[in-house]
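Heads up, the next two complexes both have subunit A, just with different partners, subunit B and then subunit C.
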Partner chain A sequence: MSDVPVLQVRNLVKEFRVRERGRASVVHAVSGVSFDVMPGETLALVGESGCGKSTTGRCIVRLTEPTSGEVRFRGTDLLQLKHAELRKARRHLQIVFQDPQASLHPRLTVRQLLSEPLEVHHEPADVVGQRVEELLGLVQLRPEHLDRYPHEFSGGQRQRVGIARALAISPSMLVLDEPVSALDVSIQAEIMRLLIDLRERLGLSYLFIAHDLAVVRQLADRVAVMYLGKIVETGFADDVYGNPQHPYTRALLSAVPVPDPIVERRRQRIVLAGELPSPIDPPSGCRFRTRCWRATDRCAEEEPLLIGRNRTATGHHVACHFPGDDATPTTAQPTTEQAPADQPTAEQRLV
Partner chain B sequence: MTAVAIPAFTVQRARPPWLRGPSLIGIISLATWLLVAVTLPLWSPHTPTEVVGGRLLGPSWSHLMGTDALGRDVFIRALYGSRISLPVAAIVIISAVLVGTIVGAAAGFLGGWVDAVLMRAVDITMAFPPILLAMAITASLGPGIRNVLIAMVLVWWPIYARLLRAQVIAVRQREYVDSAVAIGMSRGLILRRYVLPMAYTPVLVNATVDFGQVVLLTASLSFIGLGARPPSPEWGAMIFEGATNFYQWWIAAAPGIAILLVVLAFNFVGDALRDTFDVKDLGR
Partner chain C sequence: MTVAGRQRNDEPILHVEDLRVTFRTAAGPAPAVRGVSFDVYPGEALAIVGESGSGKSVTMLAILGLLSGASVTGSARFRGTELIGLEPSRLREIRGANVSMIFQDPMTSLNPVLSIGRQLTMVMRAHQPDLSRSGARARAVELLDRVAISQAARRCDSYPHELSGGMRQRVMIAMAISNDPEVLIADEPTTALDVTVQAQMMELLADLRRDHQLALVLITHDLGVVAGATDRIAVMYAGKVVEYGSVEALFADPGHPYTRGLLECLPRLDIRHEVQASIAGVPATPMSLPPGCPFSPRCKYAQPSCSEAEPVLAPHGQTLVACSVLTGVAGSR
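For the complex of A and B:
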């Protein structure tokens, strides 16, 4: 791993102007997100639905035009590029979509879907044919699949086609926008293994967007946790999983089931009360305070910055006035088997 | 338990809706009209302007729909009318679809001020009743079948422009269009390969239904004297001649029945296509 990042995102902001009941308002989808991705590294961007993680991904590849910020990919700011330059730059940065059913043109065969990116970038015909065969091998599909249409495949196979299409023009980095969320659990593991395998073989960097910390555990080098348009915690996977600092990260991690039934039953779960606040009118100060059990007056007044716990650039950073796990949630208690049966859940609601 | 006899069905492969019932009748009818229109000069005993006998003769075996005020065979003239109405309708529809496609695709795909300007033009055109606008345009260009043609294209294109624009906007938001943008495809190619093929079905369905309407409008304009000039066996013009000879019903009835058959056939086929492709009426 060299120390020059492939992708540097700085203060990325995306605001959508909407009109609600005749009143113009602004949705703050992404509010100043910054992170780096190193060559060969996988950064997982995790958060619940509506936190702006997919918008961040789409802004990076400019499928959505960001309001402001900087997306520096291999030294050039993609946001400054003109239309034609951007089309060339896109060769090296590709995106895999969540739902291959929707993202593959229904009337094109696999062969057409895979050769299209190559033709767009003016590869000669003999190279295209050869490359298409090669791609099939890479994603473990068989040559007889070439002349079929997307609807003739299973979800997992379809996503393989989607990955192959993104890889066709040999990008150095992939933005994976929840690539396994639309798939069955058994298939998810297969696709994750494929992604890990491809990363090793092709030396790819990934920005892996997911709503579930468990899914990305096996492949993330670093993790960034997003909440309501901001990154609340980021760090090496081991640090974030082993020693979560932000209350939100801890809540997310506590939602991950444990395969051992005994441990699972005794496991302490933090269930967040309420819904994600509206990004039209985000809470003042810390955006998580409305659902946080540790919130104080300070959280409402002063916005916590993303501060490093040690001095390294890629170290463990947390945006919280009261990080750490010293204080257990006041109302949450470890669940025991003696819990009364008539209680709907043994989980404690945190207000 | 008694054994239950299961009746043996011979399963027939279902024909698509546009090849069944009224639609099939429509297709056969149109095919016949087309055949007549193309081959008519080869077997017709008379030309449309030939005087074949006495004036205002009633229907008989030698003249199936009698003769008109100048002694021409009304039946043969009505058949000859298809050689005017069908090509006129085809040219109008094809031109209107072409113009509508260009305008609708530009408006839907480019959006912004292009969309605003083009759609206001569409609104203005569609604010007039079609017949009135067509009359005004023909009247200002001067009567004649060529000017009727121009007028009808000018009246008809906004329908397709609006229809295609709506479809283009819907298709443009699908994720496979994003995937084409992501691989670096140019906008023109995205429009041609990704958007238009998926947006076109409702336009084609509507065009089929409109075919009949154009035949009707052509006849209407000729009837009020703005279209084809008198010796021409145009259906609307023939009905006008029939109206001046009110008690010789056959003179107006023959072209009237011809219009009825053609319009009905197009409507049958168009409705079935609409059902097949489940298109909501986005047109008018």
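For the complex of A and C:
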């Protein structure tokens, strides 16, 4: 793994102007997100609905125009590029969508779907034909599938087509936007295996956007957790999963059910109270404070910065004034179901 | 049939036997449910687990008489009353009062043009004619409060679109418990929700079960949710129950190759493991049922005899398993 990031996102901001009850207002979808993806690495961007993870992904490939920030891909700031240059740069950066049913043209055959990106990039016809067959093998579909239409496939097969299409022009990086969340569990596992396989074989880097932390764990090298437009915690997967520091990360991990009745009955959960605040009017200071059992006045006044627990760029970073375990209860009234002092440590909770 | 994972002798509140549902389609009959039997006991939670197209939702819709245009045979008795073929007016008295149901997508199950208070009072007054308008309203506020909707009195006048997904599902739950049912059927109640909201919802369901001695039938594809929230499981595949037993037994010692495969391919947070894509191929559909055991084309352990006869549920370990290779019990042809 080289030391130069393949993708550098800096202070990415996306605001949507909307009219709410006749009044013009601004939805703060992404509010200053920064991260790096190293060559061959998988960074998982996780969070719940409305946290801005998909908007971030779309801004990176400029399917949505960001309001401000920098997206440096292989050294070039994509946000500065004109249309033709952007198209050239995107040869190396492709996106796979959640719902292949919606992202594949229903009246094109698989052959046409896979040829299209190659033709757009002016590949000669004989190369196209050969490449299409290669792609089919890459995603483990059979030659007889070439002349079928998307509706003739199962969800898993359709997602294979979606992946093949993204790989057509040999990108070095994929943005995967919830690629398995629409699929049944057994099919999900197959697609995850395929993605892991392709990463090894083609040396791809992934930005894997997902809400499912258990799915992500299988392939993420690093994880960035988003809440209401900001990254609240980031670090190596083992650190974030094994030793979560931000209260939101801890709540999120604790909410994932464990498929084991014995563990499940014994463990204590952090159940968050309340609802996600509106991104039109996010809370001052720390955006999580309205639901945090450790919040104090300081959290409302001073926004916590994403600070490293050690000095390396890829180390464990947390945006919280009071990170870590609840060994010492704070003065704040807990809004969770249990008192903070009763909460098990990460190790106990994740058995 | 032996009651898998049950020692108690009390009477089931819901007894389903050999339920079959066949849809008529342009391409011929589609047998979506092919002989399903299970029992639900007072206060217990049963999970019906399966992937898309396994027939899990159709089973429950058929029991409540919510399928039109399908042929439904077999038996489903609620406290001794046969529900299959029951006249619609009698069924309506039971449905929503004694047995109620919540659905996966609260946005499409709530009426978008009526306030949630109005919808709640309608459900109550349909089953309790003596209830006054103001009494129903007061009860609606109480119910919203019970399902932890803040400022319940104010929210009562909200419309579904003004609520978040989690709040809408709370309203659905409030509606479902408004007539103090004995059985609550929840069809993928948390699938459309975020994981922290799912945790809130499962906790609410557990509280309600405890406070109201509710029996819960949880229809889901998610074995993770099942582990903490239910007592027994029926695993469905291609319109049949392929394994039936207590949660503990089924997780500790799954018998059916399909159950095992499902558990193996589940991603887990608590332990690092390489997820296996252990079930090859695609699920059988009602229109393309293979001969014999419907799982045999995807099964690692399949033998030639598997495609000859369809296995029946028989004891294996501590669960009931429909697999002739494991149980040695010959199937039906």
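In the analysis below, the second predicted complex is superposed on the first by the 325 of 351 C-alpha atoms of A that agree within 3 Å, B and C clash if a C-alpha of one lies under 4 Å from a C-alpha of the other, contacts with A are read in each partner's own complex, and residues count from 1 in each chain.
Going forward, contacts are C-beta pairs under 8 Å (C-beta built on N, C-alpha and C of every residue); 3 or more make two chains touch, one makes a residue touch a chain.
Computed from a predicted model, the values in this text were never measured in an experiment.
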| item | value |
| --- | --- |
| Room on subunit A for both subunit B and subunit C (clash or fit) | fit |
| Partner chain in contact with A:V110 - subunit B first, subunit C second, else both or neither | neither |
| Between subunit B and subunit C, more extensive residue contact with subunit A | C |
| For subunit A as apex, the angle formed with subunit B and subunit C - C-alpha centres, to the nearest 10 degrees | 80 |
| First (subunit B), second (subunit C), both or neither touched by A:V120 | first |
| Contacts of A:R165 with subunit B and subunit C, given as first, second, both or neither | first |
| Partner chain(s) touched by A:L45 [first = subunit B, second = subunit C, both, neither] | neither |
| Least C-alpha distance (whole Å) that remains between subunit C and subunit B when both complexes are overlaid | 10 |
| Residues of subunit B touching subunit A in the complex | 174-176, 178-186, 189, 194, 197-198 |
| Residues of subunit C touching subunit A in the complex | 51-52, 150, 164-167, 194-200, 202-203, 221-228, 247-248, 251, 261-263, 265-272, 274-280, 282-283 |
| Sites on subunit A touched by subunit B in the complex | 58, 61, 63, 86-88, 90-91, 94-95, 97, 99, 102-107, 116-117, 120-121, 162, 165-166, 168-169 |
| In the complex, subunit A residues that touch subunit C | 48-49, 154, 156-157, 184-190, 192-193, 211-215, 217-218, 241, 251-265, 269, 271-272, 274-276, 337, 350-351 |
